[in-house]
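What follows is chain A paired twice: with chain B in the first complex and chain C in the second.
This part shows the complex of A and B:
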């Protein structure tokens, strides 16, 4: 089974671009535009990594991150948070809630790819998956 | 008389205008030239018969010499000295400074006024940047669209080949995103252009309501005469949204019930008799304090002893109504100063609080405030208590034995550095 990332983002063009560039690196990308459907998908299949936008319709990315960290099964998943608001307090809130990394829009494709690969490696990479 | 020390400067100016020598003028009024010289350089105080004699000799009147435009200059100098950083100014020598260096004094006061204007602009813009929902949403939209365009174009411009089907999809995304970016940018520019005068740029239904009420002076003769609230609200051009109309209808409905409880004519008669005494007025009419405070703010200001401002908040401390009064700034967005008596009253329901307050870092305007919070139970015994606090502000001199409480607008723009209730650092203090 290949590497799998859960992308929770509501901007269609960003979804397509991230899906495309990560697919090239061998990632299977599941995308969801809101937290409710994403959590349902998460319960069905555990990804290797989550990319989570802060500004989402309904529950915010911070709310979803809190739920995720409180979940005994998925609480340790690497989470890359994306936001268009680069204020210090947003960054501090994300890290306090347990975000693994925090990335401010606009970012480049290379930055996303590097962050995802780095998080995957920090979590043990393929060796951890096989174990 | 605070302006007396400037009289000498005016005497000298008037004498020179007339082409008189000091010796000639001193001879006419029977004093020595050296004494006149001291008077003209504001080193001797002058009044009574001598001032009258000099005025006659200079073909003017003593009032003209004793008072003048310098009074305003002195007031402005004292205001400048009262602002942050003015602690080292020799306030007791302000008259002499203004008399001997009127040009420099004018420059100091002009710059103090300019600083005050700029601080207000900074406060408004900061308030907007931090809390304006439209601006926040616009910038978020712009950055998201820019990110999408950057990612998509990065893929197309990359060295790796892109499948023709994906190419078509990305080209379409680029076109749509660039068009959306143009529209968003245009909307933002229009918004910021309109916000050149930020004070008049409306952003929320509550602000539309307040602008509408402000244009009417917060007084509604139609309601006083018994008109239905809907008749007043319907068709109001300033209320552009359904939300602002709904807020206005609720506000005018409460105005009507307040007016029914305290009819204008007997209420104003009682104000004439008792003055700004909300407790006395409440006792006389057998009503609660909140309705009296609101009712005072509904009266035409020329019928009251002075201008009044009113602030209302709900149980969360959120400001739900603002009637400004000159000299006491109210935050346009976000939370207010936690030291306001309004919030002290919120913490102590049914206990009226009267206190004198001084706005932090402003000219020495002082206010007498009356605040009270009262619970209501719209859903009966089993429903939650809905608490609302009201604060009336009235410009007032402070009794000698009273030390006024210094309060700000909101933490972010408050110059009071050592505040026990500070939530966050101040950009004004940091800049200063």
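This part shows the complex of A and C:
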């Protein structure tokens, strides 16, 4: 079973870019434009990693992160946060809420790929999944 | 026959004698050698001004018309003097302690020094006294007429010759001069006029002796002694008179009320009173005087009715009886008696009224019109004297005018009674004021006002006769034909005698209004204080606030005085007092004089009430009473006012602080807005850049084999670059518009052309949005910037195309010319904008729905709004139109005159 990432992002071209970058490393990418459908998808099938945008229609990325961390089953999932607002306050808030990494748009493709792989490795990688 | 000239000469001599007596008394008073002039007998005699020419001549006429009823006029004062002189004592005590100058002053002072009440009572007194003065002039003139004509009948036709009218004028002028000379020589604190009092005492003796002489003549010379008089009485119509109890009680009450309330009686009773103990003598001596005055009234009346020719005026029997028996000297004496009665009353009434008019009407007006205030006391004194003198002339002039206008047709007694009812209106406020602490200013003003109005309506105005001052129809049928409002038959009480009727209703309603007003209102602190002083006037011993000697240690007093006056001044004061007492050092004996003086000095610094309270505490003799505490409270009120000003200042400070806080909050809000705006811009810029960077890296790294994918990625890069450009354009545009730096390119253009341009630019036809227009309505010539207006329209059409979710999207553009504006409505057939979103759509970066569909940064409507503001119009969302609906308005000022 392949590695799976849950991408919550509302910009179609960014979704397409991230999907392209990660798929070359063997990631399957589920995308959702808002928090509600993403959480449903999460409950149905647990991903290895979550990539979360801050500015989303409806509930913000911070809200979704809080919910996720409060979830007893998925609370420990690694989460990579992306934001286009680029303010230090956002970074602090994200880390305080429990984001594993925080990355400002625009990012380089290598950065995203490295971050995702590193997070996956930290969480135990394939070994953890198979155990 | 006595010649008219001789009469004038005697009269002048008598007047000169009066002047001389008055002058002599003034001199003695100035020299402080009053002696027997201060005796209670002089006081009692001065009270005799109650007996005017009305009593002298009119009582006989009254007896001839109505029998013994005339006695009621004497009965009232007698009852007061004998049975109720305590009330007089209280009035005198109040008058002294409060330095009262007139009845108006008493009422005004009692009710919190109310100016309104002073004016009201003064007006009432002037109105009530003017006919009375006229009456005196009339009686003097009538008596002259008796001598001037051969006939002893003395009817009005005989005396209306020019020289007699001149006589009345001369009498009035002479009285004015006498009154001014002796009534306004000085303005004493106690307002006593020894010259005037002595002169009227002499006149009192003259009129009593004259009446007694005529009486004796009638009884023992015309008739054959008292027994014969009974025969006369039995033969005269007087014996047939029935006593009407209602009228008797009413008239007795009336004369008693008038005795207390008449301004001139108040003046001699209270103001001219030198010693309270004189009242004790007067309480038996004055009724005796009245008894003597009335002793021969009935004999003269019955003998006159029997011996004088038919149609003789009974008011003049006192004169005409001796004349008809050729007793000319006696007649002359009688004439002087009548003259004395008239003049003494007029003099005192003029003084009393002049005091009231100048103190309660002239001075308040003078003080109010002066801007610099009454700074110099000498100045005020002169003004006061002048205003008194002018008031005396005014009062006498008014009396003379009334005499000339009324023509003297009414019987003497009738005028007198009308006046009595008028002044009696003060009675409830007076008695309430000195016996009832709960009486208030509002109650007093209501009572006096109501009584005054009823007196005017029910008695004074109808007294001039039908159609003179009141239409006959009103007298007959009442106002607007309402019978129970008829002036002389209120509530259907027409059976009563007019005087008693008016007295009953005016006093009843007056008292009711007074009580109701007093019970329903709350007295001011000053009223409360004055009320306590008036009602409890006897609680303090005479010289109420005197200090007993030796009550305090001089050292304590010095310490206190130093604190208030400052050390040097206080020490100087104490040292001067000590050396005046023949002592060394700073500590004089604490005599009562010294304590009084000290209190005055302290009062100059801290106010009278506080000074009294402080001294009272040190001497320990006087516990601080409630009244004094209230005085202190009054002074405290000033301090409180000062602190209120401080409070106002502090309120201002806190207002400023609040404004600062608000400004700060506003700035904070602005700063938050700015942060949000920057966040938004950052987001809007970084999002397309993210795509551009990402896909350009993908292409650069060369990992994409398929040409379609490569061109697709290049397409994304291109689109996102365009999006960035659009965003930057919008931001710049908005920035320029918001800063007002935009230059409008105004042109004359048809509204239809602008809409055409917008529709073409959006290329709507191509992608299925149907646009409905009504070209006829669009022919509105405008002077505006067509590019900017088109930009707004383009934005609205583009929005409809982007967001309208109907199956067959349709946009209606409707133009309406209103009164002041032309409006262009853009209404589509989609779902519209939810209510909560309507409020924010014109804000920057408020973008609804999916970003991908919209493709803009959410600045469009914000730009539209800015543009419309620049163009002098506006843009707003129109709720309730089915789909999304926007209204663009342009003021018609922009519409070119066609």
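Basically, the second predicted complex is superposed on the first by the 131 of 131 C-alpha atoms of A that agree within 3 Å, B and C clash if a C-alpha of one lies under 4 Å from a C-alpha of the other, contacts with A are read in each partner's own complex, and residues count from 1 in each chain.
In the analysis below, a residue touches a chain if its C-beta (ideal position, glycine included) is under 8 Å from a C-beta of that chain, and two chains touch if they have at least 3 such contacts.
Predicted model, so just to flag it, every value in this text is computed and none were measured.
> In this superposition, which partner touches a larger number of chain A residues, chain B or chain C?
Between chain B and chain C, C touches the greater number of residues in chain A.
> Give one of first, second, both or neither to describe whether A:34 is in contact with chain B, with chain C, with both, or with none.
It touches nothing on chain B or chain C.
> Could you look at A:71 and tell me whether it touches chain B, chain C, both or neither (first, second, both, neither)?
A:71 sits against neither chain B nor chain C.
> Look at A:109 in the shared chain and tell me whether it touches chain B only, chain C only, both, or neither; answer first, second, both or neither.
both
> In the overlaid three-chain picture, which partner chain does A:57 touch, first (chain B) or second (chain C), both, or neither?
second
> Counting contacts the way the document defines them, which residues of chain A are shared by the two interfaces, the one with chain B and the one with chain C?
On chain A, the residues that contact chain B in one structure and chain C in the other are 11-14, 16-18, 20-21, 24, 55, 84-85, 105-110.
> Which residues of chain A touch chain B in the complex?
Of all residues in chain A, those touching chain B are 11-14, 16-18, 20-21, 24, 55, 84-85, 105-110, 112.
> Quick one: in the complex, what on chain A touches chain C?
10-14, 16-18, 20-21, 24, 33, 55, 57, 83-87, 104-110
> Once bound in the complex, which stretches of chain B touch chain A?
136, 139-140, 143-152, 154-155, 158, 160, 166, 169-170, 173, 176-177
> Of all residues in chain C, which touch chain A in the complex?
These residues of chain C touch chain A: 675, 678-679, 682-687, 689-695, 697-698, 701, 703, 716, 719-720, 849-852.
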